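Below are two complexes that have chain A in common, paired first with chain B and then with chain C.
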Partner chain A sequence: MISAQSFGENGKMKDYHHTGPVEYRFSPYTFNGGTVLAVAGEDFAIVASDTRLSEGYSIHSRDSPKCYKLTDTTVIGCSGFHGDCLTLTKIIDARLKMYKHSNNKMMTSGAIAAMLSTILYGRRFFPYYVYNIIGGLDEHGKGAVYSFDPVGSYQRDTYKAGGSASAMLQPLLDNQIGFKNMTGVEHVPLSKDKAVQLVKDVFISAAERDVYTGDALQILGIFVDTNEIPRLQFLCIYQADHWQEVSLPGGGLDDCAFTFSLRIKINVGSIFLLVIWIHVQ
Partner chain B sequence: MATLSVSRAPLGGFSFENCKRNAVLEADSAKLGSSVPAARKTGTTICGIVFKDGIVLGADTRATEGMIVADKNCSKIHYISPNIYCCGAGTAADTEMTTQIISSNLELHGLSTGRLPRVATANRMLKQMLFRYQGYIGAALVLGGVDCMGPHLYSIYPHGSTDKLPYVTMGSGSLAAMAVFEDRYKPDMELEEAKRLVRDAIAGGIFNDLGSGSNIDLCVITKGNVDYIRPHDEANKKGVRVNELETLCQTGDYKYKKGTTGVLTKVITPLNLDTVGEHVQTMDTS
Partner chain C sequence: MSLFIFVGEYISALNHIFIDCIECIKHYFNCAVHKVSQIGGAVIFCLHHQTIYCKPKKSIERLLVSKMALASVLGSDYADFSFDTDKSYAFGSGLAAEPTSIDNLSFAIKGALGSAEQDDVEKKIEFLHGTTTLAFKFDHGVIVAVDSRATAGAYIASQTVKKVIEINPYLLGTMAGGAADCSFWERLLARQCRVYELRNKERISVAAASKLLANMVYQYKGMGLSMGTMVCGWDKRGPGLYYVDSEGNRVCGDLFAVGSGSMYAYGVIDSGLRQDMSVEDACELGRRAIYQATYRDAYSGGQVNLYHVHGEGWTRVSQDDVLLLHHKYQEKL
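Entry: the complex of A and B
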């Protein structure tokens, strides 16, 4: 059976039994694939990721999104080594809670970006193998995107692609959003619908040519609604392979915080049950 | 009298004279900062089975360069002779050239014997060539055909070993395809059942292996007839952009107007030519 691992370094097929000493090294990292993309508009931000988790030539999961909600105004997309993605998001969540309790306010997008930079640089000599992109609304309500490298260098952008297909997506975004390499084109400001459409189209192209990207696309949108309250909307899971757009309708605040509020309800319910049970006994 | 240097007759055994040259070339290119161009591997799923009337060969159609898809619809089932076809996995150039060399040698051999070539002959030629190159030719093949002695199926490894079996799989998706075979293979299947089994085995490789993808090609070889079905199943169609299904104004339009690329200078030189003929070949923009 031929597999990718059976090709040795010099291009020759590796023998089944090695002659001589072979050094095996344990690597603490592995690459789990995935692509993340964030776009900032005038009063909205969109963060999208594919949902495939892979390792080598295999697929671990077809339903592992890489966007994580941090606050009502900020979403982070993490791709690279999945173990470090999970740990890093847990650390960020804990730090957000600590800030909220000691400063009595939520962290702004810019503050989260600066904090993440210091967290990443703190591990300069054993880095988190994660490519981060933060998307959200800044304190003035304008869209903001912050892109990072694995050791914490960051800058604010209008749009950024990260992860395995980033080299394929970034030039297309440069052209369509930044209007680069085009003359005589009217610089129309990006609307939310056009941005979502562009993100879907761009991921179709990435999935065609990058083996690590595919299965489904998750898009999260952060924008200010008519009541001047910033909210996070789960726009859609777009399954490119099966042509089923599973779109979640934008309702009120209940929709955006659906996971969190459900959890609270269940807890309260179970406490009541417990109370009733003890009473009866 | 001029001294003529006559080259010595080649000694028997292996000749490694180019290895030193290759090592020097690699070191030189490393000094310049560039690297030796990596051969494109197919990262494939190929398989074959023997059924009641003959052989069914199957292959996916994705060719990868590293982890980027280089060709979304390449042909991995190669012609060897009118009654013998060969699927190839591994380095794309190696499978292509090896099968072409053996195909042309077999044709000459067939003219010399006056008979249709046997699968065992093709197998012997392929294994002797691959062994001579000690695994440096990265071609893993599934060879199948029907000759005067019946249907035969071989798997051939890059170092030159071969196995004669009723069902075989090769490539990075071989484990996924073999899982399907081990579940549902039985001897003396009917044609439709055999085609369905091979299609499902390749589909297992396409959906569970990152190195395989796109469509499924099939080749059915029976006594006196070859059915080369390409594509048998378009398992993966390219994503359709929403604006093609419903009319959405000003979204998803990626056509550039004339003048988007700025023209700096323009020089027109008229060529006085006569049109002899005209032939239109549409570009494959899939």
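Entry: the complex of A and C
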């Protein structure tokens, strides 16, 4: 779909319903909406995104997740212009492979973040219109979240929301996870279950008030298992609007978990990735 | 003097001759080193202690670039010395606005992102960078104090940004303007400083480091970079403080404040600064100045990060939340 912006007489952008002469200019960008969010705990990290892909007044897809797995310990969430999201993740995957082949080890989360910063800045004068958030475990096993702007400025955070509803989510996270603007409250460190519940609630709020956010929520969690055996687990998608569970068949680990027929890497004595799609009752 | 006058296309031919001439007359003439471009060639004048850049490459742009820079040195009116910016845009020429219309995380007020659209040199207004950073020299070194707020338009993107970039253990750079621009170029500067150290077996001076940075960003002048930084350090000449920005300014001084809150910070610093202050007092002055700036400037806030640069390098003195400082100062009243 050719994207264009229409300009009125004074050169500023016009509203959708307009009268009078209008100039159409080809724009290489379009805004596809979407929100991503990442939370880092003591020994885990959670990256979540909605699955709506929109453009203007239309919804292209209700099942277009924005989280992409990079390595066993790192997940990236990209929102903004979908075309640039796809290309950027392809470029990151290629660079990860190159690093793996030259250095015989996987990139750590911090290294991926630094690399992404230079990739984004390489296009300083024609940016990737993508808001990235990387979530994962650092080399010490602690949760890490790195948030980016479209041209590569980044920093490590404990939690961050990005995308169309970021301005609505971020204050809520500031209050609930950062305990900001609350007095006399005990700073309890965030547990894995509480974090997942919080992410679900926060997305419900975003979907209530942002047109570009909704349809379904995809949550990916990166944990250190007690058995230290890595596994990829898919549970199901949580859909805010329809309360439907979409579960994938397979052998059960407990009543909520199913193993998916993806490759299983056994990595003794180290950190691994669990992908969980939360089932809500 | 006429030995210096050459046009770009003859650089490769006159290469050796040129350098010989430089060598023998460098003690008698005083000119400016001007490294114009890494893509094009380099128009070279000598400063009799500096190194000489000479990159013989054959390209038309280089010719143009050399001629123009030469013209500027010879005193003719400096016209529009703009690089061929076609590489920035993949589409038709009507897209000048596009790359800058996106909300970038930056310290700049929203209007600043449109700076690339303005072709007129006269119309270019000095945009404020939404931040407050300051640095000043005194007898015991340099104090560097910054706030930690980053804004994307009117949205506060982060309250915990590190605006002091640790280039190496004895050099600091501050960040104001575009966050990505500052952090990228200063990281590149750190790499250049390390290369210098390895090549010359001694630490780089603050003057040279700031010059490297200034020259790097000067190549992109007019293309929309937004960066206002202070390079602070301690070298064999003592404490060093330079202000470098994306317009091409590079100024040495004893006191600088950069950003939208700079006026408020200047007021506080000017009324309290003495060269013979103790380190404690100087830190408190820097802290107070940033606090006052965050009090009155909407685009500054978060925490006050304070660094002290002395003979052995820099030390991170403190990080104080602005709200807590507010209570502290209120109690004192």
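Quick notes on this one:
What we mean here is this: the second predicted complex is superposed on the first by the 212 of 281 C-alpha atoms of A that agree within 3 Å, B and C clash if a C-alpha of one lies under 4 Å from a C-alpha of the other, contacts with A are read in each partner's own complex, and residues count from 1 in each chain.
Keep this in mind: a contact is a pair of C-beta atoms (placed from the backbone, for glycine too) under 8 Å apart; a residue touches a chain by one contact, two chains touch by 3 or more.
All values reported here derive from a predicted model rather than from experimental measurement.
Contacts of A:D225 after superposition on the shared chain: neither chain B nor chain C is touched.
Of the two partner chains, neither chain B nor chain C is touched by A:E139.
In the superposed model, A:V151 lies in contact with chain C only, and not with chain B.
By the touch criterion defined above, A:E42 reaches neither chain B nor chain C. Touch criterion met: A:I59 reaches chain B, while chain C stays clear of it. When both complexes are overlaid on chain A, the residue A:Y129 reaches chain C alone and has no touch with chain B. In the superposition on chain A, A:Y121 makes contact with chain C only, not with chain B.
When chain B and chain C are set side by side, the one touching more residues of chain A is B. Contact residues on chain A toward chain C in their complex (touch as defined above): 25-29, 117-118, 120-121, 124-127, 129, 147, 149-153, 155, 157, 167. Chain contact summary for the complex, chain B toward chain A: residues 39, 41, 43, 64, 67-69, 72, 89-90, 134-136, 138, 140, 157-159, 169-175, 178, 208-211, 213, 236, 238-243, 248, 250-252, 254, 256-257, 259-262.
Chain A makes touch with chain B in their complex at residues 1-4, 7, 11-13, 54, 56-59, 164, 176, 181-185, 193-194, 197-198, 200-201, 204, 207-212, 240-241, 243, 245.
Across the interface of their complex, chain A is touched by residues 85, 87-92, 94-95, 98-99, 102, 104-106, 150, 152, 155, 157-158, 160-162, 178-181, 183-184, 223-225 of chain C.
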